[in-house]
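Submitted below is the structure of interest, expressed as structure tokens.
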Amino acid sequence: MAKQEKNPDKIGVLTSGGDAPGMNAAIRAVVRSCVYYDITPYGIYQGYQGFIDDKFEKMEAGSVKHIIHQGGTVLKSARSADFRTDQGMEKAWKNVQKHDLDALVVIGGDGTFSGALEFGERYDFSIVGIPGTIDNDIFGTDFTVGFDTAVNTVVEAVDKIRDTATSHNRLFFIEVMGRDAGFIAVYSGIGAGAEEVLIPEIDRDVDKLFQSLERTSQRKKSSRLVIVAEGESKSVFELEDEVQQRFGDRYETKVTILGHVQRGGRPNTADRVLASRLGVRSVEALMNGRRNVMVGVRNRSVTFTDFKKATERKPEMDDALLRIADIISI
Amino acid sequence: MAKQEKNPDKIGVLTSGGDAPGMNAAIRAVVRSCVYYDITPYGIYQGYQGFIDDKFEKMEAGSVKHIIHQGGTVLKSARSADFRTDQGMEKAWKNVQKHDLDALVVIGGDGTFSGALEFGERYDFSIVGIPGTIDNDIFGTDFTVGFDTAVNTVVEAVDKIRDTATSHNRLFFIEVMGRDAGFIAVYSGIGAGAEEVLIPEIDRDVDKLFQSLERTSQRKKSSRLVIVAEGESKSVFELEDEVQQRFGDRYETKVTILGHVQRGGRPNTADRVLASRLGVRSVEALMNGRRNVMVGVRNRSVTFTDFKKATERKPEMDDALLRIADIISI
Amino acid sequence: MAKQEKNPDKIGVLTSGGDAPGMNAAIRAVVRSCVYYDITPYGIYQGYQGFIDDKFEKMEAGSVKHIIHQGGTVLKSARSADFRTDQGMEKAWKNVQKHDLDALVVIGGDGTFSGALEFGERYDFSIVGIPGTIDNDIFGTDFTVGFDTAVNTVVEAVDKIRDTATSHNRLFFIEVMGRDAGFIAVYSGIGAGAEEVLIPEIDRDVDKLFQSLERTSQRKKSSRLVIVAEGESKSVFELEDEVQQRFGDRYETKVTILGHVQRGGRPNTADRVLASRLGVRSVEALMNGRRNVMVGVRNRSVTFTDFKKATERKPEMDDALLRIADIISI
Amino acid sequence: MAKQEKNPDKIGVLTSGGDAPGMNAAIRAVVRSCVYYDITPYGIYQGYQGFIDDKFEKMEAGSVKHIIHQGGTVLKSARSADFRTDQGMEKAWKNVQKHDLDALVVIGGDGTFSGALEFGERYDFSIVGIPGTIDNDIFGTDFTVGFDTAVNTVVEAVDKIRDTATSHNRLFFIEVMGRDAGFIAVYSGIGAGAEEVLIPEIDRDVDKLFQSLERTSQRKKSSRLVIVAEGESKSVFELEDEVQQRFGDRYETKVTILGHVQRGGRPNTADRVLASRLGVRSVEALMNGRRNVMVGVRNRSVTFTDFKKATERKPEMDDALLRIADIISI
């Protein structure tokens, strides 16, 4: 990691990929840190697409006033097929030169970091990444910006569903986000007091569910909630179907797919604090000559992970939590 | 309506049909009013099924402590096929005699009131109803217990979806509850600032949607939210499909079905106050010899509607509100 | 009320006095209705002070995008001493002429309407008012914009306080807003299940409180919440003091003053719908030649009340609700 | 730390000191873990006072159903002067023998652990502690149960106050809990985007505030929020007073004391997950022969801290966060 010879004068910031609550707090922290260190911040709209299409806007401290508590991203986000082409990258590089940008902060997930890695290497350009995704599926940080809020959104929804499940003695299958990772499912399952959690990381958890339903259908339990990560091998509808066939006489079943509500909403404090911290540290990292790294928090300290590692490896599911979930759902 | 010769000594209360936030506040008010007027209250569990199966429990003021803010119903609810049979009704009547019950308060929707009407007439028994359903589809009251909370739950969810819709410039179809009535859709559509609302009461609103999409696809509008009542002639998936075929090049679409979260949750103040008012007045109505009526609130005053009328007629959709919705979604 | 000869071409809108949740929804509806009817809307910043200081801004439909769910007022508010002087009024009138404004919508409380009445009469200028205040203390409308949200904010806070009160068996005095009117106290008292409510409209309610404490200190009741309107004859601290002197051996007391949190927050659906409705109808009223009136909702219909009457009379406290509060706090 | 020769047969659990959101999740996890490991759980009501007064209740898995999301503590809490006397301890010890209790889990703060330490040593009795307090002021754990919820409650309240502060261009002083520790103030200050945070750990932060007010009163900043921990050297009212004297012509000031709302409310997911984890591990610790230790989480792993150390040392304020707060409030 080469030390830059001088401080950056101009730093851009963009959000890319799926939006996550807290992205605005991160943008705000990047912009304010730039102002604090006499660097000119540029907001780039609509992710890498705007990077290509020259949607740059010079910012100041006031540009990010009253956004810390807003969901979504004021810079908007988009997936960009163009950025995977040579022409796209070339156009973006021309914009960097045109605006005389010294460095870039990208906020997003592993797709975002892959793009950053390629662009940074190709043009010898300094980029630092902030993990912003509700899925918590990024290696190199204990938590991603947006995860805590998403999990709380799920738990609030499941608390409501429990009201009606309990009133009617029903078995609910609730699908939550997490195509590759079951973090949202596990945390919200424990938080909501769900009876079962099904995640892609665990094989044969469906068998375990059926055994548990067999067992509890003999004693009396007023209602049951099963949280299913969308990446689970069977869909919620397939699961409901099988349960109907096997246990239809003993359980009345319902399905709820929580969907896009999980992406939005006012960010919780943990996400605002995490985003603020990473925003400040990403700018300071660039000032210290860091590049092609993602800034994260592990064990309450800020850490840096090479983009390569951050995109190639996956964080491990916490077995201790799975065990906790089993014990208290007795 | 015959005046009873003496005050009731014992009054039962049950919740029936789909649960709704605020039912607990109504139960609490019925029980506390009984205590206030020296009447013994009996809670009956699991609706008409528990009425048949003798799930009666004597209550006192403390039995309903700290339930005013809880969603669902502590008395549980159930649909009962048995109550539509002669044997079922006969069993329930035996329980009434066994516990020496003088009258009953039923909390639910029009199915609940139909059952009450038949039972009340068959055995010359006094029943008063409280409208408890999130759909607001009961004739004889401005609002039903649960509607305000459900609408706010929808609007909170749509506020979250707007965050992500705006960040990505997407068109969202959001299905809300309301099989026969579009009240939830219209109120939440106005409240959430949705661009379009589709309800069963209005023909050809799908055509209007397509015209509007045609028009706005030419100018720039960052995101669009369409609220669809579940009773609408086309499902959200059919709608999405048609929009994809016609406008797939101009709009990226997503579907969210809010589902059972709409039934649960802490009741809002309006529902708690309404439920408290109707709970007190239902007991007082029985004391005054009223029977076979639903107690509601119209124009801020308590009114009574015969069960017959309450179940045969439907409240009208408020055209003034539909007009408002059109004007401000410009 | 003279019928205008032509439709207004330009309408201004301002917010004045204490801010209330839902004011943004009202501004949005006024602006959008203007656009809908081909009228040019002008936002005037900082209430009557900006009216004097020429803080006018031409608006369009997009100016009020994504504000329906925001608390506070994007037009800001201020109390203006200048507007009570001849020079202040004269300056404001010059601005009206300069911008060629045909009419004005003011959103606020009775102080706002008094100013509007005087200005409107002095310069023969058309003004319509929208009741926007959390206190619900305006004659001529069932509810003011902001009341429902404020009451729910109070009830959410009291629900939290009840958690801790119950855990410790404490007596809490909770002061809520309402200098002249006890509406917030009564609605939130019923909604939160408070044991007592003290409001300025009722004499001797403190005596009643002491009797009740005397009575219940003999039987066991785990915790007690007393809601006190700020306009009550005794302050919460005086009340706590007296209770300590008389019942200090039997009750552990605590005081909470909810304060300014009651003014803020995302408006609830009821306030958004009410504000949208009144916003549209205020513009239509001006188009129909109405002037010097407040637009309100009574019995679910829109009504008009002369500014004179709206400022001179006070809405009556709902005795039926006070009775309900007494019965269910048994 | 002596290894017990046999597994405990009966374990008691109590909550003591100020209540905190998540205590119920901890109780639930302790009870369920006992059931899972064939240990009989006993709930002890009203903290050490109930320990003395023999308020023991045998529990089972169903006893803690549907409490994970409730604020406060179903076991109630109390401060007990009696437990600091020989007679009190002796009575409690008799109850332990009477019920044949093998061990105890106490949930609370450092006062709770001091009592546990003395009792455990005096009678050679096994006690494990769970840190439950909103203040986060316990050595030996990254976070205490209740802190995350309390901080989010504060931030939600400050978000509301910002609405009204912004609408009126006001300077607000907001007092939050934290007599000895500024954690709530710092986290909520960053999360709410407050302009200044005053905490007991930092000297001369009032001077810094005045300098900042001096500086910003010259440029235009629409509103300012100052978060003040209750342990700060000057009270919010003294601060307001001084600011009025020095800057009264430039700032309109307001004070809000958030008070007991900070203790209550539905626990957030982070607190539910933390409490569940610590609840399970406290029972397992007792099974493994641990005693006189507090179980906490550091760096995502469960750790044990001697009661002595947990009560004598204080966690350090995170300087990195203070620096972040400074930079982004520019």
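When the chains are written out, they are named A, B, C and D in that same order, and each has its own residue count from 1.
The rule is simple: a contact is a pair of C-beta atoms (placed from the backbone, for glycine too) under 8 Å apart; a residue touches a chain by one contact, two chains touch by 3 or more.
In this text, all values refer to a predicted model and were calculated from it rather than measured experimentally.
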- Task: Determine, using the mean of C-alpha atoms as each chain's centre, which chain is farthest from chain C.
- Result: A
- Note on the structure: dist(centroid_CA(chain B), centroid_CA(chain D)) in Å evaluates to 40
- Task: Report, in whole Å, the distance between the mean C-alpha point of chain C and the mean C-alpha point of chain D.
- Result: 36
- For chain A and chain D, what's the span in angstrom between their mean Cα positions? 28
- Query: Which residue numbers or ranges of chain D touch two or more of the other chains?
  - Reply: 159, 162, 166
- Pairs of chains that touch, anyone? A-B, A-D, B-C, C-D
- Which residues of chain A touch chain B in their complex? 15, 18-19, 21, 70-73, 76-78, 153, 157, 159-169, 172, 254-261, 263-265
- Item | Complex contact set, residues of chain B against chain C | 28-29, 32-33, 35-36, 61, 65-66, 68-69, 142, 148, 151-152, 155, 159, 162, 166, 187-188, 190-193, 222, 266, 268-270, 272-273, 276-277, 279-280, 298-300, 302, 318, 320-321, 323-324, 327-330
